[in-house]
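We just call them A, B, C and D in the order they show up, numbering each chain from 1.
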Amino acid sequence: MIEAKNVIKKYGQVTALDDFTVDIPKGKIGILGPNGAGKSTFVKIALGLIESTSGEITVLGENLDKNSIEIRKKIGYMPEHDCIPNKMTGVEFLIEMGQVSGLDYQTATQRTHEILGHLRMGEEKYRLIEEYSGGMRQKIKLAQGLVHGPELMFLDEPTSGLDPNARQEMLETINGLAEISNTNVLLSTHILQDVETVCDYVIIINNGKLQIKENVKELVKRQTDTIQIRVGENSDEFISILKQNNNKRNIEITDRWIRIPYKNEESFKEIISAAASAKCQLYEMERIAMTMDNIYLEVVN
Amino acid sequence: MEISKMFKRFPTLFPPIFKDCSYRLITNKLTWVLVAILMLPCALGLLVYYEFSGDRISEEVNGEKIYYTSSGELLHEDLRVLFLEISEYFGIGFIALLLGIMFSSELISEEYNLKTMQILRTSPIHPIEIFTYRYISGIITGVILLGLYSTIFYIIVMMGAGIHGILEEIGLLALVIKIVILNWIGFLSIFCAINVYFERPYLICFIYWLFWEQIMSGQNYQQITLTHYINSIIYDSLTEMGWSVTASDYGLVNSNNDTIATDPLISTFIILIVGISFIFIGSRGISSKQF
Amino acid sequence: MKNDAKIADKFKDFKPNLSDRRNIILGMGLRGFEKLFSLKNKSILFLIGIVYLWTFAFYLLLGQDSYPCNTVSEELKTCTHLNFYGDLQYGGTRIFLVLIAAVASSGLIANDLTDKSIHLYLSRPISRIDYLIARIIPIFLLMLTITLIPNLVVFISQFSKSGLDVDFLSSNMWTLSNLILQAIFYSISYSIIGITFSAAINRESLASAGFFGTVYGVSLIVEIFYGLMSEMDIENSEYILLLSIIHFLDIISYKIFNVDYFVTIFGSPEVIEFPLSIIIGLYVLLFSSFILLVNYIISKMEVTK
Amino acid sequence: MSTIIFEEVTKNYGRVQGISNVSLNIGPGVTGILGPNGAGKSTTMKVLLGLARPSIGSVYVDGVNPFDNFDLRNKIGFVPEYDCFYEHMSAVDYVSYFLMIHDFSKEEAVEKAENSLIELGLQDSMYRKIRTYSRGMRQKTKVARATAFNPQILVLDEPFQGADPTTRHLLMEKINSWSEEGKTILISSHILHDVEYLTDNIILINNGRVLASGNRHEIRKLMSNIPIQIKISPIDKNQLRPLVKRMLDEKWITAGRLLESEGEIILETNESEKFYTEFPQILEDEKIIVEKIVSDDDTLDSLYSKLVEGKQWK
């Protein structure tokens, strides 16, 4: 979908992208990285908004140097910051954006309503944007990128500032994007759980270089060597029994959970029998899975 | 908080606030627009000087060059009128007032816009301190800016009359600077207080100035405007300097054509009182404002 | 009917048919123009109404005979089409023109900058210059409606007064074309100034105040000093008139008619001559630097956010 | 040890509701305050900071009314949701500016500011102007300002907004250590995952009302009308069927589902306490070893959506 070869981008003295090479497959891709790692620079170069100092980028099979303006017909962009006018209605704005992308008036109108339907916007689409809630504003921002039927959609922090329900809905919408006119998604975010729920692949950028590019599902399947337990009453007795069995291993105890290192299947058995004999409630027991957090911190630091 | 504690804190608290405020005022885009407008008379004055300096007639008395116009009058007496008239528009009049409105909005309204006022209100600083320190910073910056401007403009205008002319009329410059200071003490505190209470301070300040200060002054009950006291001081000083001005030139007459100029000392005192009382009104507004 | 039961696909494939850049820009410009004329912009409609009323009252009802104006005479009314742009007391609409240009142009880019929707426009298949052109079109068209049309109406009324004489037309061919050229010149110049202010001061109300204050206020100050200096009989004092954009534009528009420039605000008409090369050079310099400034402002925004 | 007490507090802004009839008792440690946008979280914080005066009711922070009280302001640190900077200052200037208001001398203020900024990892950029900062650095600066004078109470409104994962992690570690020092910390966040990581104590607000407050597991237990679903996966996949069969024999199990492909069973019960107590014994008796006992119902996500939708009353 996007191929970058030895891309370098410098702002004066600062190097934003340093010999950056990546081949991004189709599907839903998450881009992670600390602030200033070069994520947004990469996205802007791929959009043709700024030019790279050197290197080659191919987006959707077309070379970016030659037709950076034409390529934008196939790309949708949802910026991070609030960037929609207040004094228009949602529908008006989307039709305008459709026309600016080159659709004729009637098609733009039809397409606007179709997309707003998919995004589950009701009558409020005819209201002024300034009356919209944060979630609705995000949806309008998303819709304006989709209105001309792009093959590729850049999403920059689509869930920032949303409350949990709105965030959930936004994630579901993004998940459905692949189905709306076969759009590929490039999602850049700081909330790692979003990547976990939405994306097929994850790319981590740091210091202008590609750190890893991997399949999310396989990454998250990896498990750690710790078992987390949460128990109810008689926890003291439970702990003392456990300690007898595990005298050589270190048990982490806080008032919220107990963590025991995983050795083999026997570990589970020990816990269950300890709970049974201490007659305490065993609320929770599982091997802690690798989360995006762990992977991210491991890669970046 | 007791007043004594406030005084004790003053040396530590005021410098950083002054530094911040003056920086913000001076780096503001609008200040520069106004300064550019203020510089226009200076530039044009310079142009005028170079063009006409050949036409004047000079005479040497006691080693000093005294210049006369072609009709034989003292040149500096012509030029001082020009200086005062233009100062009344720029240095102490309309432009200075716009600068004052802009400063007050930057000092107070901007704190609300930047939401730093919320932080200040959760910090142990008394509203009187918040208001006063900003007000004083505004006065200092404004007076320095306009005082400097007045001096430069004075020198440029009086340059035509030579060193003699400049020294001869130095009292006028002192008067203009005095008026600048009093103007700012009075008006800035009113503008700042307006900024505390109203959402659109620019508009309200301007309306206040136009309807209250401009239209009311020159009427029968003009003693309720600050302009009256400012004008009284100008009028009094000019008469003392031997100018032939009448009270009606400065609108200091009522409908019976009686002169109603106030004594300059009392005028100064009243302006100070107004300044201080609006400090209290303003800080009252800050302390009662909720978020 | 049994076999006709159908469930629609959840999503329909959308194959867009996108038009090229020229159409997009033209469409944007025309929509912007339409918007300026919509009922929401009451102030602009009001001002336009005043300009028309003023023109018709002044030139059609009060009427005058001698037309066109080849040389500047004592009788200013003979220079109708030039007077149209003059100061109020000489029957001109200058203050309204500047006001309309200030009010209408201030929002065009400033609004996009304040709500940051400029990023969305720039991520569309148009370039930065395309965007600028699209934003200039509405204000350009608006200025045309208040410069060209009233002047044409005056021309036609003169034509009808001459008894629809074909000779009048043929002898005034150049006047007509100059009229159009002059209107276009004013429109494009004010549009560019407006766009510059709109981009440089990114708040709508401040931009319009800045436009009006700078353009009109400076012209007043310059005029005062010009009066002062000419009273003192200072040589070359007319060069300070070039400091004011209004005067500068007037000078060029008088050049278009091959008429000497004269001052109208405060004081009686006075003929002033400038060399053509200086004026054209200055104009090109000034307006290209305006365009470059706007371009720079927008390009800087792209990089930072 | 500071405590915050709300007694039936109502705050209206003109005709707009802020919070209504809120009673709370917040003690030391981290407390998460959750709710949709516009639910009244920020209003709650503002009332307790003394930025707004309650319309009805009273608030006590350390036993005094926060509105007008001066000494209290030395004890509360506030990180607002929005940016609140003098953009032309550097972080050190900014933090020390406010420290001087807290009655520190200039030298002390600069030193403390530098220390707290270094602690938060801003050593490289703390002399640069705030204007040039990224969102994460801005968050750190705000936190540094609020904590540099060592307040006993910390109020953090969306402190992780816009921060990159590294910053987020660092801030969480800091918050955890402050909470261990015995500070009272009130934190609001839209990202439930973060709150879940930090604390079990939550306050859930919607439409200006406090829907629930306290330990989230206890809250879930109080919602006894909603059956709890528990996921269990035995190590030996052949034991899936016997285990379901065995569990359905108990009358407190209302339903059971077998997910063969995932190697899990899902059990539903109304008497969760009984289940959790007896289940280990049953496993022990049946000689079945399971590697996972988890309830998706018990996550903060599910608790949040259930409470906000009002399922606790149905």
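Just so we're on the same page, a residue touches a chain if its C-beta (ideal position, glycine included) is under 8 Å from a C-beta of that chain, and two chains touch if they have at least 3 such contacts.
Which chain is which protein? Per UniProt: A, D = ABC transporter domain-containing protein.
Computed from a prediction, not measured in an experiment: that's the story for all the values here.
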Neighbouring chains common to chain A and chain C, by label: none
Reference chain D; chain at largest CA-centroid distance: C
Chain C and chain D, separation of their C-alpha mean positions in angstrom: 58
Interchain centroid distance [CA atoms averaged], chain B/chain C, Å: 37
Geometric centre distance via CA averages, chain D-chain B, whole Å: 53
Set of chain A residues in contact with two or more other chains: none
Topology of the chain contact graph, where touching chains are joined (line, ring, star, complete, other): ring
Each pair of chains that touches, named by its two labels: A-C, A-D, B-C, B-D
Residues of chain C defined as touching chain A within the complex: 10-21, 23-24, 27-28, 31, 111-112, 115-127, 302-303, 305
Footprint of chain B on chain D - complex, ascending: 13, 46, 49-53, 68, 70-71, 73-74, 76, 78, 80, 82-86, 88-89, 93, 96-98, 100-103, 105-106, 145
Chain B to chain D touching residues, read off their complex: 1, 9, 12-13, 15-17, 20, 23-24, 27, 114-116, 118-126, 287, 290-291
Residues of chain C that touch chain B when the two form their complex: 201, 210, 214, 217-218, 221, 225, 228-229, 232, 234-235, 237, 240
Sites on chain D touched by chain A in the complex: 34-38, 134-137, 161-169, 190-193, 200, 217, 235, 273, 276-277, 279-281, 283-284, 289-295, 298, 301, 304-305, 308
